[in-house]
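As C-alpha cells, here come the structures.
Below, chain A partners chain B and then partners chain C, in two separate complexes.
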Partner chain A sequence: MKLDRRSFLSFVIGGAAGTAVTPLPWKLMDDVSIWSQMWPWTPVPADGAYTYVQSTCTLCPGGCGIAVRKVDKRVVKIEGMAGHPVNDGGICPLGLSGPQMLYSPTRVAGPLKRIGKRGEGKWAKISWDEAVAEVAAKLSDLRESGHPEQLAVFNGAGRGTFSALVDRFMTVYGSPNLVRPATFEDAYEMAVYRMHGQQAMVGFDLENANFVISFGSGVIDGWGSPVRMIRAKSLWKDRKVPLVQVEPRLSNTAAKADRWLPIRPGTEAALALGLANVILSEGLFDRNFVDYYTNGFEAWRKMVLDGFTPEKVAGITGVDKDFIVVLARDFAKAGAGVAICGRGRGATPGGLDEAMAVHSLNALVGAINRKGGVWTLPGNEEVNWPEVETDETAANGMQRPRLDGAGSGTFADARSLPNRFFAAQADGKADPVKALLVMEGNPLYTQPGTETVKKALDRLDLLVSFSSLMDETAAYADLILPNHLYLERYEDVAVATGMATTVIGLAQPVVPPQCNTRHAGDVVLALASAIGGPVADAFGWDGFQACLEETLADDWDALTEKGYVVHVAQPSHWSEAFPTASGRFEFAGGYQPVPIEGDKGAFPLVLVPYDSLRLATGPAANTPFMTKTVGDEVLKGKDVFVEVNPQTAGSAGLGEGQAAVLSTPRGQARVRIHLSEGIMPGLVAMPGGLGHTAYDDYLAGKGVNVNALIGPVEDPASGLDAAWGIQAKLAKA
Partner chain B sequence: MSTKDDHGHAVSGDTADKKGGATILLFFILGFAASLAIGWGVFPKLLYSTKPQPFNFDHALHNREVGDCESCHFFREDGTFSGVPTLAQCTDCHADVMGETEDEAIFVNEYVAKEREVPWYVYSRQPDCVFFSHAAHVVKAKMTCESCHGDIGTSTSLKPYQENRITGYSRDIWGYSIAGFKTHTYDRMKMDDCAECHEKAVGSVDRAPAPGVVSRHFRQEVVPAIYPLDRQAATGSSVQTRRDACFVCHK
Partner chain C sequence: MEMNAKQHKYGMVIDLDKCTGCGACMVACMAENNVPFKKDESDNKRDSITWMRVFKVSNDKPYPEADICYLPRPCMHCEGHDGHSPCVSVCPATATDYSQETGVVSQIYTRCFGCRYCMAACPYHARYFNWWDPVWPEGMEKYLSPNVSPRMRGVVEKCSFCFHRYQLAMEKAHYEGRAELEEQEYQPACVQACPAGAIVFGDLNNPEHRVTRIVEPDPHHHFTGHSKKALRLLEQLGTNPKVYYLTERQWVRKALDQYNFGSQAAAH
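This part shows the complex of A and B:
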C-alpha cells in the first residue's frame, strides 16, 4: 500500500463526503452569516431601561422644550416636548441631532492650555485648579493695576440666570466691557425704546394675527424660535391667514408665502413707509390708537405723505406701485395685521430706520400690545438679587467708557455693539482690552468680518474660551475652560425669543458630564472667589446650581418636573404703556439707508447671505446629520454654490455648476454657480453656516464662511451692524 | 511467450487492480473517518472557547431568599423586561458583604466598592438583530421562565460559559448538541425553535405559502400567530413586498 495520486484523491473525496455528514459546514455557514450581520464594530446601544428626561434646548434662543430619550445611561434620541408652549412636540434638525454633539469627537475633553502659536492646535492638558488659578491671576493683575475695564466678556448665553451672574461679576469686578452678540431684536428693542420710552423685549403674537407682512424674515428659515414659527405658518395656512414675503430671493419662506414681493435689498424701510402712505392717505389707520395714545403723528404723517407716495416707493424698491396700494389696503383692513422684520434668521441687527418704519406701520394699524400684534415684555424678572457692593477700583472701572461706545455719547441707547467692539479692539487706537472671556459664543466664526475679529483677538494678552466643542474661537484661544454641554447642565432660558408670553424653560442634566468639564457658572464663581475681596463677597452661593435654585425659587419645582413655566404678562394699563416724555407712543423715524461696503465700479454685484434650517449659523455649528441634509445645489463635496440669476451669470460668462471666484472688498473665495430664476439679477446669494475651519472632517473645509466675505457696516443711528450685503464681483475660476 | 507473458501480465494486473481498488477504498474510508472525527469531535471543541464568569452566582440561594424570579428579573413599568439585574439592583441588598463566600467578597470588593457593573456573560443573549418581547410570552401567553431558560433558577453554580469564537454568542443558542438535537424546549434557541413552539401553540394554519426564503414553519405558523388571519398578514404583512413581516422578530 502506497500513497499515490489516486489514493490521495480518494482520501480527499472521502474527507469531503464525510464532512458533508458532519455539522461542520452547516454550522459554519450559520455562524458566518450571524457574524456578517452583526459586525462587531457596528455600534449597538447598550440594553437597559428606556427613560425620558424633560429639558430645554439651548442651542438657539428659541427655548424649545425637549424630551430626551435614553436607553440605560446613553442618550439615543431627542424629541420635541409634547404640550410645550413653544414647540409642542416639534423639533428642528439642530435640536434633533444634539446627541451627535454630546458624543462628538471634537468635545474638549478637559481644560487646555496653548503651548504652540495661537491657532496652531498644540495644547497641554492642565487641571481645573491650574486653569482657574491662571485666569484669576491675570484678572487680579488687571484689577490691581487699576484697569479692570481691560477685561471684556463676550457672552452669547441667553437672558437667564447665568447671564445675570456674568453681569454681576463684571459690575463687581469693575469692567463695563460686557459684549453680547447683536440680532434684529437689538434693533427692534432700540426702536421700541425710542418710541415707547422703555427698555423692553418684544414678542409677536403671530398665532393670533390675521395678516402677516414679513420684511425679509425667514419665517420658516430659522427666524425667532424656529419650530414655533413653522407651527405658526401651518396655523396660518389652516386659518387662511395670508403671509406676504418681501425679499429679493425665493427663500423657502417666500416659496410658501401667499404673496412674494421681490425687493431691492436694503429698501425695506421705504416699502414700509410706502404702505403707511397708502394707509394714511386712504384713512385706513387705527384712529382710536392714533388719537388717544400717540404723539408726533402729524409731523410723521406729513413726512410719509410727502416723501413716500407709491410711485416714489416703487422707484426706490422696485416693487410695483399697484402691489403697494393693494397690500397696504389688505393689511390695514385685516384688523389684526402685523409686520415683522429681521432678515433671514435675524442674526444681523439691520438698520434702525427699518425697525422703526416697521414698528410705525404696526402702530398705525394699532398692532401694539394687542391680540395678534407686537407685545412688549418685561424680560427676565426672576433675578432679584441684592445690589452689589463695589470697591473704588470697580466703581472707577465702571465709569470708564465701553470700548464699543455703547451707553454713552452718540450711542447712549445701545447696550452692546459687538461690531464696534471688535473694530475698536482691532484698530488699537482706543485703549484696548487685555483679556477676553468668550462664553457660549464663537465670534471668530459668527461675527461678520472675521479678519477684523482675528486682528482684535491678536491684541489680547489672554483669550479664554469656555466652549464645550473645539470651535474656531476655542482653537484660537490661550486657555479653554470647557463648559458642560447643554445636555449635561442646569440652565434656565428666561424668555423664549419672539414669544408674546413669557415662557421660562429649564435645561437640566440628562446625562452626567461625559468629559472633564465644569459648569461655566461654577467657574465664574470660582474666579470670583480666587480674586477675593468684594468680588468674592458678591456671590453667596456654593455653586451655580444653588444660585439657580434660589433665583428660580417659586418656579423650581415646576421647572424640574415639567421643564417649563409660563408667566402670563399682565398688560400695562394704557396710561403706563408708554413712559415717554409725552406719555404716549412717539411716531418717529424715516428712511435713512446705510450704504453697504464696496465700490460699485470695481464690485458691480451684491453678495447677500441667506439662511436655511439645514445650516446652523450660530455658536452651535452644524452636526454631521444636518450637513447630510444639505442639497447638492448648495454644497457638493467641499464646494459651496452661490445662487445667481441666469441673466447675471450669463453676462459674466458663467453657467450652471461652473467654478468661479467671488471677490468682495473683504476677501475672495472659490465658489460654484447655481442658476436660479428665484433671485433678483445683480445679486449673489450665499448660504451661511459653512466654511468652518475648526471642528472635524464632517464640517471643516466645506464651503466658505460668508462672514469672511462680508464685514459689518455701522448704522450711524444705532451703532449696530446694518449690513445686509456687500458689493461683490464674480469671475471665471 | 508472448501469450504466457500476456497471460501472466493479465493475472498480475488484475491483482494489482484489486489491490489498488482496496487501497483507494481504504483511503476513502480513512478520509471519511477523519473528517467525521474532525467534524463531530474536533470542530465543536475548536469553535467554542470557555470563559469564566466574573464570580459564581447561586440562583438557588437567591431564589430561597427572595422567593421568585420576578424579584430580580422584573418587568419595568413600561412593560420592557429588565433582564440581568444591574449593580444598583444588587446593592439594594448587597451594600456590604452578606455571606462568607469568596464570591461574595469578590462581588463587594471588585464591583460594589468600585461602582462597576458586573460583566456577566449572558447565556441567553440573542444576536442584536433579534427582537424578542418577554411581555408577549410571559405576561400574555403565560409561559414559565423554565420553558426557555431551563432550571437555572435552581442551580447553585453557574455553568461554564462557552463563547462561539465566530459570532461571540453563547453556545446555548445553538445548543450543546452540535447536531442540533434537543430533548428539552430550552436546549436550543434558534429561529426554528421559535417556529416549533409557535406551531404547537397555534396549530396548523391552512394558508397559501408566501414567497420568500424563510422556513415553512415560520411562514405558516409564526406569522399567522402574530397577525390574525383577518389582518393584512393573511396575504403577506408588508405593504411593500406583500411578504410576511420579517421585521416582527428581526430588527
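This part shows the complex of A and C:
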C-alpha cells in the first residue's frame, strides 16, 4: 500500500487528536504521580517521648546555654536556653545547626590511619588501642631522644578543664610548644598587661554602657559572644544608647549602628588617638582617674596633643574633622561610654597599637573596671590542681624556646603566636617540630595564609587530628582520633567570652556517641598513661569525667542540673587594679600601623575579609541549613561574590555579576562581582567561611577561602597577626 | 465585628530596627519544620524552600549614604475580608484554609495536588512548591521531628506559624483542665530563636498580649496598626495580613510600601 501525503497527515493529525481526547495518558500520568509520591523515600519521623536536656554550646567561645529537644533517643532540635545569662533563649544559626553536625555523613566514624599520600583520602580503620599506641610510640620516641619540645599541640578548645588538662600534659611531657588560635582578645589582653601590669581576661560590661564606639567590631556579626552581643544591641536600642561603627564597609553592624563612619582601613588607632586629642584638649577626661590612678599621663598627653589633632587625624583616616570633635565630646560626656576593637568577628588579633589606643581612650573616660566599661577578670578559677612533678627531660624541654618565640625575647608578653608558629615551621630554619596534635581546630582552613600552614604540616613526621568531622586538617592528617561531638560529651566552658560576669557552662552528653569516638580528654589521659613515668603520674583520674567532676566540685550538681553557674566577680577598685611598677595605670602607646602585604603598583586594590553570622569561619564549619540562608549576592553555584564599589568596578571594566580573577600576592581565585554602594572605593570585600575543600558536596567547592588569599602580617610590637587586608587586583576572567 | 472569646487571631510584629539579619529565624524554622535542602540552594532562590526568608532591602543611595535593612518574611496569614485571603480564595482543593478559631492559614499537604494557583495569588511569595522529593544526606533524617510531616514532591508548603506548637500547647492545656493558653505557651520557632528579640507573637484579639499593645490594630480601619511605627506589607492590596512591622526609618517604610517580592533583586 502506498502512503500518500494526504493519508499520512490524516493519520498523524487524527492520531494526535485521538490521543488528546482519550483520557488515558492523563490518567496514567496522574496515577504515576500519585503512586510515586507514595514511594517510601519521604521519611516518616518516628514519634516517642519528648524530653529536653540543658547543655552548653561549644561551637564558638560564646558559651550560650542550649535546651536540646529529644524524641526518644534522637536529637531533633536545639533551642536557646530561656533565662540563661548569656543568651536567654536566643540562639544563632550555627547553634541551631547542631543536629546537622551530629548526624552528618562527614563525621569521622572511628579512628583512622592514612594509607595513601597526605590528603589523598585513603584511610584504614584502626582500633582505639592501635591509634593510642601509635601516637604514644611517637611521643615516647621524641622524649627518649631528649627532644620533647618537638611535640606541638594546636588547641582551639576554650578556657575549660580540657585545656587545663592539655596544658598539664604538655608541661609534664616537656614541650613549651602549645599553640592556641589568637584573637583580638590576645591583642587587647596584651595591651591590658602593658598598661595594668596584669595578665587578665577582659570583659566588656556593654549592657550598662551608654555610648559605644566600635572600631570595626562586628557587634552583631559575631564579635565576642554573638547572641549576647545581639541582645545588647537590642537593649541599646530600647535605652537609646548610641552605637557608632567605624569601618570601611557597610556591615550589618554598620547598618544597624546609629552612625556609620567609613574609615581608611588600618587607621583605626589614629582615630582613637584623635578622639583622645579632643578629650584632652577640651579637658573632658576623667580627672579623678587620671590624677590619682595613672602614670605617664603627661608624656602620653603631649604625644597625643602634638601628633593627633583632628586635622591630622582627618588626613590619615579620611573621617571628617568636625565629626571627630563631635564624636569625642559625645563619647566623653556620655558618662558611661566604652570603645571596643577587634575587626569583624575578632578572629584576627590586630595591631597592639590599636588595642592600646582604644584602651587608652577607655581609660581617659574612666571606663576601666566601672559599670559599663572594660573589666579585668581572673579567668578560669576552677582548676586548682597540685603542681606537676617533672623529670629532667621535661624540665629541659620546657626550657627550650617556643617555635613561635612567644614568652621570650622580643615577644616576652605573648602567650601564643600561631602565625609565627606556622611560618617558622614552614620555613624550617629553626628546629621544626616533628609531631603536631590538633585539638578542636582546623588550622589548615582557619589560619590566614593556608599555603604556609600546609608547608608547615608537610614538615611533620606525624599530624594527628582529634576532629569529630572530616575537616581540612583531618583530611590532611596521618591519624584521626575522633573526639565525641559536643552533644555527646562532658565539657565545661569556663568563661563565656567577653562577658563582664563569669558564666560557667557545662556541655553534657545529650545522646550516646553516634560513632566510634572517644573523648579527647580520655585520649590525653590514655596517652599519658602509655608514655608512663612522671607523665602518667601527673594524672590521677580514671577518666576525663572524673577529672571534670573533681575540678568543678561544688558547682558540679548545679551544672548538671541547670547547665550553668554564675560567679559574680567584682572587678578591683582602681587603687588595687594596677600591679605595675608605679602601682598605677600606665598610659602608653602611639600609632605604629603595620604595613599591609603586597606591592601597591602590581596590586592597586585592597582585599578585606568580612564576617557574617550566616557563614561559620571557625573550626565548626557551615551546615546545609546555614548555607541555605546565604544570599545569592554572596554565593551563586560555586562562585563567591566580592563586594566592590561601582566606581572601582567600573574602572576595572567590571559590572554586576561578572566573573573576575582576584589576585593577591598569596594567590588568585575566580570570583564574581557584586556592586555595592556600601563599600569604600578601592576595596574588595570577601566573606569568610566559604571555599572548603573537605566535608561534602553541601559545602565543599563553594566559593573561595579568603584565608588562602590573605596572609598574616606580623606586628613587630606583639608578634601577633595584625593583617586587616592585603593588596589585590581584579581583572576580567 | 463581634468578638468571640474563643476566637483568637494570632499574629506577629517584627521590629526591623532590631532585626540584625543574622538568619537565626530562618534556620530555626527549617529545623523546627523539617524543611528540606539541596546541594545547591543558590541556583534559583525563588525555588529555595524557606518558610521564613530574610530579604535584604537597600536604600539605593551612593556611598557613603548607603543603608540596608533586613526584612524577615514569614507567611502573612492574611485575613482578607472575613478569611478570604488571596491563597485561600483560589485553592480548588481546599488544601489551604483560614481558621476562624486561630487566624492561621493552614496548608494541608495531602489535599494539595500541586496546581500552584495559591503561589500565583500570594503577593508575598511566601509559598513554595516541592519540585523534587526531599532527600536528606545519609543519616541526617535522624533529626527529623515527628511534629511536622516531611512533604513529598508535588505539593505546596509554607509557614504555619508553627501550628503544631499550638496543638501541643492546647493538648497540654486541656489535660490541665484549661481552655485557654497563656501568651508564652504558644510561640513559633523563629520568635523563640531570634537573638535580637525582634519578633513578638501573640493573639491580636487579646488586648493584654504584647503584640496587640505594640501594634494597636484598629478594627474600624481594616486592622491597620494605630502605632505610628507599625506598617504592613503591601497594605494597599487589602490582604489584611497579620504580620506587622515596626520601623522608625522613613526610607524603609517607603521601600516596603511597594516592595516586589517576585523581582530578581528581591530573591536574595
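In this text, the second predicted complex is superposed on the first by the 693 of 733 C-alpha atoms of A that agree within 3 Å, B and C clash if a C-alpha of one lies under 4 Å from a C-alpha of the other, contacts with A are read in each partner's own complex, and residues count from 1 in each chain.
As a convention for this text, a contact is a pair of C-beta atoms (placed from the backbone, for glycine too) under 8 Å apart; a residue touches a chain by one contact, two chains touch by 3 or more.
In this text, all values refer to a predicted model and were calculated from it rather than measured experimentally.
Residue contacts after overlaying the shared chain place A:Q37 against chain B and chain C alike.
In the superposition on chain A, contact of A:D47 is made with both chain B and chain C.
After overlaying the two complexes on the shared chain, residue contacts for A:G89 are found with chain C alone; chain B is out of touch. With both structures placed on the common chain, the touch criterion links A:G121 to neither chain B nor chain C. In the superposed pair of complexes, A:L24 makes contact with chain B only, with no contact to chain C. Contacts of A:F11 after superposition: chain B is touched, whereas chain C is not reached. Residue contacts after overlaying the shared chain place A:G335 against neither chain B nor chain C.
After overlaying the two complexes on the shared chain, residue contacts for A:N252 are found with chain C alone; chain B is out of touch.
Counting residues of chain A touched by each partner, chain B versus chain C, the larger count belongs to C. When the shared chain is aligned, chain C comes close enough to touch A:K237, but chain B does not.
The intersection of chain A residues touching chain B with those touching chain C, taken from the two complexes, comprises 37-38, 44, 47-48. The part of chain A that touches chain C in the complex is made up of residues 33, 36-39, 41-48, 71, 74-80, 87, 89-93, 96-97, 99-100, 102-105, 220, 226-227, 230-231, 233-234, 237, 250, 252, 255-256, 260, 262, 613-614, 624-633, 635-637, 645, 647, 676-681, 696-698. Residue ranges of chain C in contact with chain A, taken from their complex: 17-18, 20-24, 26-28, 30-32, 34, 37, 39-43, 45, 48, 50, 54, 56, 58, 60-70, 133-146, 149-154, 189, 192-198, 267-268.
Only residues 1-3, 6-8, 10-19, 21-24, 27-28, 30-32, 34-35, 37-38, 40, 44, 47-50 of chain A touch chain B when the two sit together in their complex.
Against chain A, the residues of chain B that register as touching in their complex are 19-20, 23-36, 38-40, 43-44, 47, 76, 78, 80, 82-83, 86, 127-129, 164, 166-169, 174, 178-180.
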